[in-house]
Amino acid sequence: MKKLVRLSGLFLLLALLVSACGAPAPAPAEPPEGEAFRVAVVMPSAINDLAFSQSMYDALVRVQGEMGGPDAFEIVYSENMFVVDDAAAAIRDYATQGFDLVIAHGSQYGSSLQEIAPDFPETSFAWGTTVDTFGLPNVFAYEAASQEGGFVNGVLAATLSESNILGVVGPIETGDAKLSVDGFKAGAEATKPDIQVNVNYIGSFSDVALASEAATTHISAGADVLTGTAQMVVGAIGQAEEANVLWFGTQSNQASLAPSIVVASQVYHWEVVLRDMIAKIQAGTLGGEAFVINLANGGEVIEFNPESTVAAEAQTLAQETIQGIIDGSIQIPLP
Amino acid sequence: MAVKKAPRSDWTSRLIDALMPVFATLAALAVGAVMLFFLGANPLQAYRALWDGAFGSSNAFAETLVKATPLLLVALGICISFRGDVINIGGEGQMIVGAIAATWVGLTFTDWPGWVIIPLAMLIGFLGGAVWGGIPGFLKAYFNVNEILSTVMMNAIAVQLMNFLLRGPMIDPSQAELASKIPQTARLIEAFRLMRWAPTRLHVGILIAVILAILVYILLFRTTLGYRIRAVGQNPHASRYAGINVKRYIVLSLLLSGAFAGLAGAIQVYGVNYRMITDGSASGFTGSAGFNGIVAALFGQLHPIWSIPASILFGALLVGANSMQRIVQVPSALVIALNGLVVVFVVSSEFWRRRRQRRRLAAIREKEGESPPQAVEVKA
Amino acid sequence: MISDLFSMTVLIGILASGIRLATPYLYAAIGETFGQRSGVLNLGVEGQMLLGAFAAFYISLTTGSLWLGVLAAMIVGAVMGLAMAYVTVNLHAQQGISGIGFYLFGLGMSDLLFQKLLGTVETVRGFPRLSVPGLSDIPGLGEIFFSHNLLVYLAYLLVPAAWFILNKTTLGLKIRSVGENPDAADSLGVSVARIRYFTIILGGTLSGIAGASLSIALLNVFQQNMTSGLGFIAVALVYFGAWRPWGVLGGALLFSMINSLQLWIQVLGIPVPSDIAVMMPYILTILVLVASVSRVRAPSALTRPFEREA
């Protein structure tokens, strides 16, 4: 009897799966009037990481709103594609499906794109953060001048610091993270030449516990203003809050995590470059150009936390610094 | 290992045994169907996408094989070490070190011909992995340092070593000048790349892996060396009395195991990516093949030949799941959880396979009225 | 700059942060010790921790009660343990591999629940620092030993408790005998299956608390894959401690303190590449074990499923 039950269960299962395999293929989501603009994006982390991937996803959603909703602007995504290989497969697959724009949102995807893009001359590709389009006519490149926002944060942090010691928590010492950290250092040093900026790279994008302990280390070493970049810093913000030291955010607005201590966040608004790209594609240019978001074009915005008590006094200084960077009177020295 | 000739009516029963991992995978997917349903996705549509993504076209199948290649190579190493009763969970680190060593060859001797460099790079990758696997083996044999501990630690060390080299000494010269400094090496020149079946990404690595599977089978079951590795694994005390240098075989099985993982890393560079790139984690480069290879080996019951279909099955699942994520837009987290279920179900299905095997042996005994050959329990 | 490393601030910092960082390792590794002592290797600790971390965070956030959060983490961990026990004890599944399966399941499932139930990274008001009147004010020592939250202290109380249970009680004797010689234990009337169920579920429960100690006591956030390999290190530390709770404590402290030391090395600007600094705890843990030349044997029945002789 028991055996019979088990057997029939197995058959039921098999039947289910066989029917699954035999089911008709899902009709690919065809645009209703053939007019919708279709974008696919491949991202290295989750779309809600409060950092790099979320900044792009949020921007796409905003562009979608401007362009008339999902019927006019279709977004599909592959998140957590940290395996370069899998990302390459996803990029190729999206290109095959005939998307208008395929975004490879991670500098590590570049060499895959370099290989794939020539096979799909009708499809436009974008990748970042970089300036390199490989000389291909259907590849756009984009990057964030994150040293600019980092610089502004650095100026503010140095001004607000009483101990003249600042702490930075970073993931690994490269790319966008390094750029904003270098900018932060430059800003702080330009404001107070004798300031000490301690930098800690924890060797991981995901180790929240170590990021938190890095923040504690900074605080023990006397830092009274902290900043950090990449998704694992959520652990560091908590420590900063507990010790009541100020925090400057990067990539996405992190004020929601600790409203009492976050002064300002450097936020990426990729829609600035997305709009340009889409306009170009609709006009028939599929690539060959490098875009940058910065303070001047509004792609990088210093968003102040309205609940912060010190934000008000910092705001004027920030405006001056931003103005200086835009008109060129402030040059950011990078190592 | 003398295989007792099975009665003729027995082959269907054996087929069911062999397909047990497939049944278990289907059962896990059935549970996954419930999860998909609650996420608001149509399970039928989702699994259709999974199937198409893995087998639906020649390109899809090519991708499955590309994914299966490093799995199979790592699995071969696992067959050796687990049979030697050494648990190697350092495949990730060994792949990385093998890849670093092989990449270094390809970037240094750029004016040499490809037919020299490719085999040389594979060899160096093999050796690199052997070193990274050999160290824990040596520490286990002579310092009683448990291999699970040392291989876990060696994985972390390899990742940081890769990050260090790719940011600094081995960085792509064109990146060194840019502000963004993407941590990657230069690309291998075309002459050094493994042959591909264009337009797919399928490369000769899969053939290398299959040939090596046969060689590992011969090594394990047809040579004294293999016999001794297995003997040490099954009973180290008896082996010591039989005059086998147990320590040497412990080092050797981890060393060989690491070597195959190292080769997997080298082949990933020469066949797929043509350069090393890091996102700061091990899996960014390895695609977790160092872990998943263990799963593949156990799907294949630690048998080199059975590891071939097992790796393809697991590779298909990984490739198909990614395609399912793209088409049905389910969170990638579901895909990971689903893989976990598949592993648990498949490893549990062993129970029924063994029970069927025992019953069959009992039936033979009854029929022939003699004592049956001892069922060889796979021990790991 | 190197001399800065020997200042009082740094020393206190390293010790205090080592004690904090060791907390999740202790819960998870002590739990794993029970399992391994009874002959079961559980590589799924990381998955149990992640699910525990999420359960604790979500329940604390929605109910406002931290203890309900801890309870939820324990229940989730225990259920994962129960499943692991069924698969390894009843179905004789290969232990290492089923652990990897449970790890993947926990990794994916915790992230999935996070995305569906929360959707974004939030913070929760976790266990506060507990200051002990008088003791916390002692300069130096106060910060090192008496500036932590309740879950940190409980982790350290767990060590002598585990030692006592394993070495001084009949239950401990049964656990050890099941791990050393299940056939003999069985013939003496000890139920191998029941003991193993007990230790695996206990291990899961403690892993759940390990997760909770991260999400509602030390970090007060939940993020996908927030444990980031910590569970695997915990398993490794069981080997470091040679299956003894005090040894596990030593390993957890050593690893955590070196990790904290490497953070200080970077903060003080000592010119070591960051990646090399990050490697330090891993290398030194191996080296210490090599230098100690331990001759302790693993429990003989570790990873072997038990089947009564027919």
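We just call them A, B and C in the order they show up, numbering each chain from 1.
The definition used in the following text is that a residue touches a chain if its C-beta (ideal position, glycine included) is under 8 Å from a C-beta of that chain, and two chains touch if they have at least 3 such contacts.
Values in this document were obtained by computation on a predicted structure and should not be read as measured data.
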Any chain touching chain B and chain C at once appears in the list A
Farthest chain from chain B by C-alpha centroid distance is chain A
In whole angstrom, the CA-centroid distance of chain B from chain C equals 28
At what distance in angstrom does the C-alpha mean of chain C lie from that of chain A?
-> 32
Junction residues of chain B - those touching two or more other chains | 160, 163, 167, 331, 333
Return the residues of chain C touching two or more other chains; collapse runs of consecutive numbers into ranges.
-> 111, 115, 224, 229, 273, 275, 278
Contacts with two or more other chains, residues of chain A listed in rising order = 46, 172-173, 203-204, 206
Which of the residues in chain B come into contact with chain C in the complex?
-> 35, 39, 87, 89, 139, 143-146, 148-150, 152-154, 156-157, 160-161, 163-164, 167-168, 291, 294-295, 298, 331, 333-344, 347-348, 350-351, 354, 379-380
Spell out the part of chain A that touches chain C in their complex, as residue ranges.
-> 46, 48-50, 167, 172-173, 198-204, 206-210, 212-214, 216-218, 220-221, 231-232, 234-235, 237-238, 241-242, 256-258
Inside the complex, what are the residues of chain C that reach chain A?
-> 9-10, 12-13, 17, 20-21, 24, 111, 115, 119-123, 129, 214, 218-221, 223-230, 259-260, 263-264, 266-269, 273-275, 278
Given the complex, residues on chain A that touch chain B span 10, 13-14, 16-17, 19-21, 23-26, 44, 46, 76-86, 88-90, 93-94, 106-108, 110-112, 119, 129-132, 143, 147, 171-176, 178-179, 203-206, 334
Of all residues in chain B, which touch chain A in the complex?
-> 23, 26-27, 29-30, 33, 42-45, 47-49, 51-52, 63, 66-67, 159-160, 163, 167, 178-184, 187, 199, 201, 268, 272-275, 277-281, 283-285, 287-288, 319, 322-323, 325-329, 331-333
